[in-house]
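After this come two complexes, each holding chain A, first together with chain B and then together with chain C.
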Partner chain A sequence: MNNRMRSASLALAAPLASLLLAFLLSALVLVLVGSNPLVAFGDMLEYGSRLEIVIDMLNRATPLYLSGIAAAIGFRMNLFNIGVEGQYQLAMFVAAVVGGALALPGFLHLLLILVVAMIVGGLWSGLAGLLKVTRGVNEVIGTIMLNFIAIGGIIAALIGRFRDGEISTNSGTKLIAESGWMPNLNGFVEAFTRDIKGRQLSGMLVVAVLVGIAYHLTINRSRFGFDLRASGLNPMAARSGGVPPKRMVVVAMVLSGAAAGLVGMVDLVSRYHRYDNNFSPGLGFAGIAVALLGRHHPVGVAFAALLFAFMDSSSSILQVTGSASPEIVIIMQGVILLTAVITYEYVNQIRQREETKMAALATAGGAA
Partner chain B sequence: MLAALHRLPTWLRFALYASVGVLVLAIAESFESGGVGRLTADTASRAMLKWCIPILLAGLGGLFSERASIVNIGLEGMMILGTWFGAWAALEFSPWMGLVFGVLGGALGGLIHAVATVSFGVDHVISGVAINIMAPGVTTFLSSEVFGNRTQSPDVPGLGEVDVPVLAGGTFFGAETPDILGSIADQGVFFVSDLASFARGLVSGIAIFSLIALALVPLSGWFLWKTRAGLQLRSAGEYPLAGESLGVNVIRRMYLGVVVSGALAGLGGAFIAMELTGFYQNGQTGGRGFIGLAALIFGNWRPLGILAAAFLFGYPFGVSLRDLDGQSTHALLLVVSFCLAVVSLWAATARRLVDAVMALVFAVVMFAWYVQTDVAPDWLPNAMPYVIVLLVLVFAAQRLRAPAFDGQIYRRGAT
Partner chain C sequence: MVLAIELIDITKRFPGVLANDRVNLRVELGEIHAIVGENGAGKSTLMKILYGMQPPDEGKMLVNGTEVDFKSPTEAIEAGIGMVHQHVMLADNLTVLENVILGSEPTKSFGRIDFESAAQHLREVSHAYGLDIEPNDLVETLEVGERQRVEIIKVLFRGAKILILDEPTAVLVPQEVEQLHHNLRELKAQGSTILVINHKLPEVLDIADTITVLRQGRTVGEVKASDVTAGDLAELMVGSELPSPETTESTVTDDVALSLRGVTVLNEEDRPVVDDVDLVIHRGEIVGIAGVEGNGQGELIGAIMGTEHVETGTLELMGQDITKWSVRQRREAGVGLVPQDRHEEGLLLTAPLWENAALGHQTQRPYAKGWWIDRAASRAHTQTIRKRFGVKTPNVDVAAHALSGGNQQKLIIGREMTADPKILVLAHPTRGIDVGAQASVWQKIRDARADGLATMLISADLEELIGLSDTILVMLRGKLVAKLDPANVTPRQLGSYMTGAAIETDGNGSADGGAE
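Take a look at the complex of A and B:
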């Protein structure tokens, strides 16, 4: 029991240490450029704890979490899906076109949009998986090239055809009918707090939680998840255990892409209801950071997504008060990620060394 | 016939390949309405040379790192650091200091990668991805603090350009010289003039910065294959335990490889800011660090191979950038289709039927597209370079050999 406690505290110490280090480093940077870090961080904390900003944070954390889960599915199999960026943008575009063209009754319309997004994301990501197993194209380079082809090629090629003709100044696709809008969670929040003015808590939050639960159940609790993790750890051993590693690569990439397809849905079904230039870019790469920080654990990734979302949504106050450049949070996020990656590995090594020692002790005890 | 080809000296063989390439381009553009002749124009080859340099430098960066067993996905991030530091120092001090600071910025990124992967044993790709995520954050912050604009800097001076005397009419100690290639190009003889004008683009208006980068190709080859330190570095990439047992400080060689790798990527970043665009801009690397890795793979982890791959990948960038009416990209469709047909034939003779059929299908699709249209749509020039990189990897990625220990984590004392 004592060992478990020690192991748990080690697991917690690593992210806390990296968080602390990131704060110290960014405070140092702020001092160097002549800002007062205490004032800046105080401003962020005060502003970030307002109800409206908390809503902003949750709306930001939702796509970050989905993006993090998408990356995590790949990581669990030793695959690096760097293409979440292209997958979610392409999925969002196609879902916007399909959702705008069709009008199904009520809930079905919304469901269709989400399913289309997942299918498109899954196919585009699966293509990278297919290239890897059939042609030996490294998935990192493959997904990056597919990002550029999706965003600069496919979307750019098709956006002209599906541009909404009625509003000539708007470069977006057709507005989706209201049956395809996600209901917000304001009523639920307001039952506990005061009125939320001018903000809407996206119902995608519920979807994200469901995806997190599904991720946990499939990866950690199912036969399939075991196979997936096994072929990630050792493809040869998994193969002799009857798991075809090539098929697992494609399946993992498809699943990862399907989760990625949902990333843009907060913008699409809860905010803009069309694909245009307003949507938030960069969520794919941020998701990788969130997945690594949360150690691919469904709850860990959630904390990481909330942390990054808090920084993103609370930093805008710095512009107003002028206590520091808001960009300092991008540095903080980068430093947190890098130090977390290093401290996790360090803790991992300590743990391995202890396990070897314990095993050696146990076998020595048995022999005597 | 192939055996005879391989008996030729390497440079001659590559020159021969290049001439065949120009012939294909000349034929393709002769079909283009109006026969604009832009694929073999000196402006095209000059643009190719310029646009291949960042890819070349990223590829050489990858070479140093992977020859020492460390996969460097972080090249893109190190390049980004190079763009900012290069632009800043070029503005603050001088263009030459821009070059130096670009190198330093990239090397700093390389050092971080080395600490994480070599000393702490972090997975190479994870550390690289972390650097790629951190680097744009750092440059955005610095940019908004220093330039007062989070996405862009003021105009940055470059190192200047030169023309080669005699061949392209450059001055020789102040004296005018003839422009031999230029006059052949003006004759308008099919293929001969094309070859001359293409070659002229490579020897006129060369950025001094490009010359420095090109000199690094033989220099890298010499260092890695002809010096003791280079041999030791490569031993770390093939079988570090063997090197260690002979008293080589493998860890130090890995650090050297990764830091040099970052420095080269940073140099490539400084080149982008100073020579290609003339200012620092957020996201201006456009995935060239990754394309450099593709060049490294396609170039089979060798300097000359990387140079050839960089030319191949840089060419569509150079053509597409100035292709406002889509005519050049349209002609490029025919070229790509032709190349795929050759790949298909070659695969068929080697009895790799799946490859043959796949390449043929792509070739037919591209050809049909070419025939059906007069100009390429406006988005194609932007996507074409990435499609070509992916196609090359799809049809070439299998018969290559990476360093044996590439991507694995070495721990001193662990077996």
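Take a look at the complex of A and C:
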């Protein structure tokens, strides 16, 4: 029991240490450019704890989390799905087109949009998996290329055809009927707090939590997850153990892509209800950072997504108060990631050494 | 009398382990000195210290009478020490010459490599020491023994006067061992000092002048080879008699567990690496496969496990055709495997022991329940394995890498044997584990045989092969070329079958080679 507590505290020590280090380094940067770090951080904390900003943070954290889970599924199998970016944008685009063209009664319409997004994301990502197992194309290369094809090719070529009437100033798909909108969670939040003015907490938060639970059960508890993790840890041993290696690669990529397909859904079903130039790009790459920081753990990734979202949403106050440049959070995010990678590795080594020592002691004690 | 090497009270600690505990070693100039001890006795650590790969925590090192403190192997090489590693470390696609000069290339103007003078020097060195080798041969075309000679030349080329050889005979057949020993005597005659690590006692007695015995990190004795027997050495090494792998009376039944008919596996160049193999293994029988490594044993295992594509031929398990079955189907039907490389193929090193126990059986009870992994039952079953097979570990949640090789192997043997196999493929089951674990693994294999398990045993340890097997088949270039009775064969004879010498001379081997 004592050992378990010790290993838990070791697991927590790493992210905390990297956070602390990141704050110190960012403070140093702020001092160097002539700002007062205490004032800047104070502003962010004070502003970030307002209810409206908390809502904003949750809305930002939701797609980050989904993106992080998408990357984490790949990581658990040693696959680097760097194509979440293209997968979610393509999924969003196709789902917007399908959702705008059809009108199904009530809940079914929304469900259809989400399912289409997952299928498109999964297929696009699965394509990279297929290329890997049939043609030996490394998934990093494959997914990068598919990013370009999806964003710069397919979407750019087709977006012009879906202009919503003459009044539209920027090109985008048709507005989705209200039956395809995700209900917000404002009522739920307001029951505990106060009226939220001008903000809506996206119902996608619930979807993200469900995805997190599904991720945990599939990867950590199911036979399939065992096969997947075994393939990631030692492909040769997994193969001798009966895991079909090629099928695992394709399935893992499809699952990763399906999760990626949901990343754009906060913007689509809760915010803009169409695909146009307003949505936020870059979530796919941010997801890789979030997955790394959260160590592919369903709860860890959630914390990482919340942290990054908090920094993004609270930093806008810095522009208003002028206490620092808002770009400081980008530096902080970068530093957190770097320090996290280093401290995780360090803690990992400590843990391995401890385990070896424990096992050696057990052997010595039990030796005849 | 100046000593070539003198180590005084060398101590080296690793977390939780005292690898070397005040070890003393005195190697005289121009002698062949052997260091013996079971695995984990601290031999390799001592050599790494001597070669500058690891610093000692305490103690003094003297080379040719001067105290040294090597920071890296480079400094050891400068002091005239050369190391021939256990695993040959050569670049296959380069020539002998290129391999020899790799890392210390003689150069002409503008940094061009001076191949002519290098080749000249190589010829001089190999001639002086009687090591015949053609500088322009590609290393991939060489036999294992020849590759080792290249390693030795490589060390001599750099001017080494003191050679350390780490278990040089591990991968050699008896004839190659003789050749190596001949070469070593030649080197000694030319004035080299040689330090050999080995735990095969007859070989040590054959080659060494002086023997230092290590046990549990301590020097327990220094003896003259002429004054001792293998039995004496064994007692010094383990404090008791060495266990022997012999089995008792035959338990072979008439029930065929596994049969292969005309099985052929092709490599990437479409050449047969398993060539028309017929093989029958009965319940209660251990069929040993002898062969120099790389003669198709790995592919034969792959054909049985389902990881290699079988071009022609059929495999039957308990009378059922499994030729087209996937690895998983075969696993579920009771084909078990103890792979030849635990780390590469047998374990998930960073995963907990209970997950490692489940590996290969994760679709079956007790590890699985429907679509889910039954964590509680898996842990409980791993505890059972731990008790029955004597896996020494604090609990079943530690990562597999934390265990010693012997305990890792016991876990693998345990997981395969408790999964109720119909046929068990054992590839080098006691490679790299200590004598105690070896004895326990042998006992488990004998017990399983008595319980009616059909076993295929592949091993480079010929004593083990002869001791445990009911039938020995010799594999050479993908074919089963001879069927031998272990009761009437010596390791030496086996060795000549393995290299093909016996078959060419007496024509005793028959190509059908089945165990029928």
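Note that the second predicted complex is superposed on the first by the 364 of 368 C-alpha atoms of A that agree within 3 Å, B and C clash if a C-alpha of one lies under 4 Å from a C-alpha of the other, contacts with A are read in each partner's own complex, and residues count from 1 in each chain.
Everything below uses one rule, namely that contacts are C-beta pairs under 8 Å (C-beta built on N, C-alpha and C of every residue); 3 or more make two chains touch, one makes a residue touch a chain.
Note that this is a predicted model, so its numbers are computed, not measured.
Student: Just checking: does A:198 make contact with chain B only, chain C only, both, or neither of them? Give me first, second, both or neither.
Tutor: So A:198 meets neither chain B nor chain C here.
Student: A:285 in the overlay: touching chain B, chain C, both, or neither? Say first, second, both or neither.
Tutor: After superposing on A, A:285 lies in contact with chain B but is clear of chain C.
Student: Now for A:105: first (chain B), second (chain C), both, or neither, which partner does it touch?
Tutor: The answer is neither, since A:105 touches no partner chain.
Student: Under the stated touch criterion, which partner chain does A:355 make contact with: chain B (first), chain C (second), both, or neither?
Tutor: Only chain C is touched by A:355; chain B is not.
Student: Between chain B (first) and chain C (second), which does A:236 come into contact with in this model arrangement: first, second, both, or neither?
Tutor: In the superposition, A:236 touches chain C alone.
Student: By the touch definition at the top of the document, which applies to A:144: first (chain B), second (chain C), both, or neither?
Tutor: Only chain B is touched by A:144; chain C is not.
Student: For chain C, which residues count as touching chain A in their complex?
Tutor: Residue list for chain C touching chain A: 15-17, 305, 307, 326-328, 330-332, 337, 339, 344-351, 355, 358-363, 368, 371-373, 375, 392-394, 398-399, 401-404, 407, 436.
Student: Quick one: which bits of chain A touch chain C in the complex? Just the residue numbers, please.
Tutor: 221-227, 229-230, 233-234, 236-244, 352-364, 366-368
Student: Which part of chain A faces chain B closely enough to touch in the complex?
Tutor: 29, 33, 80, 82, 131, 135-138, 140-142, 144-149, 152-154, 156-157, 285-286, 288-289, 292, 325, 327-328, 330-331, 333-335, 337-338, 341-342, 345-346, 349
Student: Considering the complex alone, what residue numbers of chain B touch chain A?
Tutor: Within the complex, chain B contacts chain A at residues 73, 112, 115-116, 120-123, 125-127, 129-138, 140-141, 144-145, 150, 286-287, 290, 293-294, 297, 377-380, 382-383, 386-387, 389-390, 393-395, 397-398.
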